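Multiple structures are listed underneath, in structure tokens.
Shared between the two complexes below is chain A, which pairs with chain B and chain C, respectively.
This part shows the complex of A and B:
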């Protein structure tokens, strides 16, 4: 092992930087743990209650026997799936229209583009769950409001994603359509859409995956669907059935991820 | 004959202060094949972009087919742009669409409303696009994606698109700069033949002197945004070249390109 000073300055500087980074990380984690007043090692040490809860109250999963209960759960899964697909799709169509005005290179009003992007960023940084709470307070609970909350957050996300996809498009193909005398809608339909469709579909599938997870959570706070069904079983201390529902949700998430993965492959995105 | 394109004391200064063109006055008539030569940065691309107002002139008048481009807005501007077929160094095709669709884009300016949005081209236009592509040697590639073609083939699609516009004038910005000599020859011949056959005017920016000499009816020389030569290819002597490129900077002819002269 050569002595340290034999190493080039650049390598030593990199080592110092890493040492500093991990030292600082350790300090921050220690401070944060102290701040939340919970020692994560307690879970393993004094966490018997927690493990008993998992192994005895949750396990094994149970399919509810009473008439109509299983049907209600399956219907809930269906509603959650429908909410996710509908909100992602409506959001994608709206986001496409809005994104046209969010990119300086494409928008007929380039000066307004930063405003549109700013608004989208603002809405996006508020999670769907918070939107759901805000909307439930003003509009009451139900799948309709859950749908609006999911649509709003995916819309804001997709506006940014679509606008960036269009920014990446080379200006050349669009300039030729401008020179031809094509109108703005024509340039969109014949230049932007064919060039960006793959990117758009890819982002749409991603937001579909996100919405499946989010719609289960939004459902728990009043958005309907499987989330609401799950919450009612937890409130009734019926943990075995709750566990069965959690497994169903996991299966739904995995199935949708698998499906979107297949679609990406088939479309060669 | 009336000029199809006139520059009257045209100057262009970019927002960053660059004086791209200074007091250009120029008339171009149907049937003319005009090469614009000059060092890089002398304002050749700027000159072409002013014609269909992809960029606006700072002062002076650009008059296309009897109309001052500066005054036009919206539908009037688009109607003028239809008359100008443009061919680009980078071809500027929509790569994901077929060769056929790219050629038909030339008709977009003629299609209004919903038909234009959905690309519902007239049968006659489709037949004409197909025949044109066949005559340019692209018959076998009509349904290939434009992105999959070679450079020379892409440029022929670019020309087909420009011709589908039924333009009165063709503007070509370094159309052969990215091509091998054989493809470059095909492209220049195509441009010359189409210009003759349709009695168009054609303005081509070039940096290959010998190509300019071989194909042009007239050569225009720019230096630092000023028009320093305007005459027949024969009149382009050593003194004129020194005015355009500066003494000692006249580009040497590449051997393959010299063989183009016909």
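This part shows the complex of A and C:
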């Protein structure tokens, strides 16, 4: 085609790459649609039921009137928030210690570094909820187990994030510290901490944001907190109150996101 | 020779101070506050540590049982995994289409209808703030069990995520490009289709890859809150003490998540 020929080679290569990508995407989507026999127009057919559900069962949000119910909901929000803060912080402290052994450049035992990273990759790629289920079956259900599951998955995530932050560090400083005979703790305190602390705090704030959502979800399967309260209201078909709780969860998540955003700005990360 | 270096500052122990003056003082304050908040949270939660510790040996037992992989029900596991992958891909795809549309509405520089962008953004901030399983649970009430509920529920969160991400990518496009096209008399939708979308395409692809990774993981957990898929096999296996089956399903979830992650790491390297 003449207009295509007029384009430079780089542009044509880019076009080919995008055509390939979107072609592959469409193919995969077609395969998947066939795989689960999903018909998107079926959903439009159910639009009426959907609207009735939203406008009658769901709207308006209702604050439960019965004695003690509202207090239980607010306590649930508190537990979810506390679980997220505690697990993110405990995980960050542990992850800092583990990450020191996960990076070949820093670790005193470089041979073991791939092992530590591999273990972290394994734990990280299994969702927090699966960990929660495994832990529930042995430790019983409750807030404590939810806390352990959240700590475990954010620990694995933060080990990778912290190790990568340390890998990005220029090697010169560490090497010169090594050359003058600095011990391992000295290298960490003077070579790594001063330049990586900002990155660590940034990742910590990110995992706090993730944990707020995750702790609400872990609660739904038995981890306690607001998730459990919401789940019981949904199971009892009490959607007005459920909507009120959903609004509260959204408010909590938005507030925490806003707070971490402000902190990032204040700390100049 | 004039010495350019200032006189070394010597502290009261006679050591030369080399620490940089301009150190961020807010960070230590923040760290102390975070530690205090964590301690306060732990006190508030009042976790039963003794009980947890006494049951810890059971944990090894469960892992031991999970490790005894049982492939007897591999057909069920495979079909559940196929459903999970399909739901993840389809929800990402439809989320992308909706996200492109709403991203256009939410970007300040595309349509420039007064108040439209902030309102759209506020709505999607709310949708994004509610965790995905909640949406899936509600969709199950509306459309019944099955992959449709999973796709629709995941789509809500995915669309909200894409709307914000795409709107940001669109807004990063320099105003000159848009002005130049508008000067030639192209309408606003025309500008979007011919200038904004093509120049944001690389980032759209990157966001789609990132979200697919998240959706695969999200999808694996949907079964645990009552929807279908591989998560249901895991939850069911653990609750019915069929640990071998659950172990296989968990390994499969891990393999799936790991493969997606590797795939996109490789793709990103090649694109760079």
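To be clear about the criterion, the second predicted complex is superposed on the first by the 256 of 269 C-alpha atoms of A that agree within 3 Å, B and C clash if a C-alpha of one lies under 4 Å from a C-alpha of the other, contacts with A are read in each partner's own complex, and residues count from 1 in each chain.
Throughout what follows, a contact is a pair of C-beta atoms (placed from the backbone, for glycine too) under 8 Å apart; a residue touches a chain by one contact, two chains touch by 3 or more.
All values derive from a computational prediction rather than experimental measurement.
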In the superposed model on chain A, is it clash or fit for chain B and chain C?
clash
For A:268, using the defined touch cut-off, is the partner it touches chain B, chain C, both, or neither? Pick first, second, both or neither.
second
Taking the superposition as given, does A:199 touch the first partner, chain B, the second, chain C, both, or neither?
neither
Please work out whether A:191 is in contact with chain B alone, chain C alone, both, or neither, and reply first, second, both or neither.
first
A:64 in the overlay: touching chain B, chain C, both, or neither? Say first, second, both or neither.
neither
Using the superposition on chain A described above, determine whether A:220 touches chain B (first), chain C (second), both, or neither.
second
Once the two complexes are aligned on chain A, which partner has more residues of chain A within touching range, chain B or chain C?
C
Now for A:176: first (chain B), second (chain C), both, or neither, which partner does it touch?
first
Report, in rising order, the residues of chain A that make contact with chain B in one complex and with chain C in the other.
194, 197-198
If we count contacts the way the header does, which residues on chain A are in touch with chain C in the complex?
18, 21, 25, 28-29, 31-33, 35-38, 40, 42-43, 46, 49-50, 53, 78-79, 81-83, 85-86, 88-90, 121-122, 125-130, 133-140, 142-145, 147-148, 194, 197-198, 201, 204, 213-214, 216-217, 220-221, 230-231, 234, 239, 246, 249-251, 253-254, 257, 263, 266-268
Which residues of chain A touch chain B in the complex?
172-173, 175-183, 185-186, 189-191, 194-195, 197-198
Quick check on the complex: what are the chain C residues that touch chain A?
19-20, 23-24, 26-27, 30-31, 34-35, 37-38, 40-42, 44-45, 47-49, 51-52, 55-56, 58-59, 61-63, 66, 82-83, 85-87, 89-90, 93-94, 125-126, 129-134, 137-138, 141-143, 147-148, 151-152, 201, 205, 208, 217-218, 220-221, 224-225, 231, 234-235, 238-239, 250, 253-254, 257-258, 261
Complex contacts: residues of chain B adjacent to chain A
52, 54, 77-82, 84, 86, 88, 90-97, 101, 105-106, 108-109, 111, 116-119, 158, 161, 165
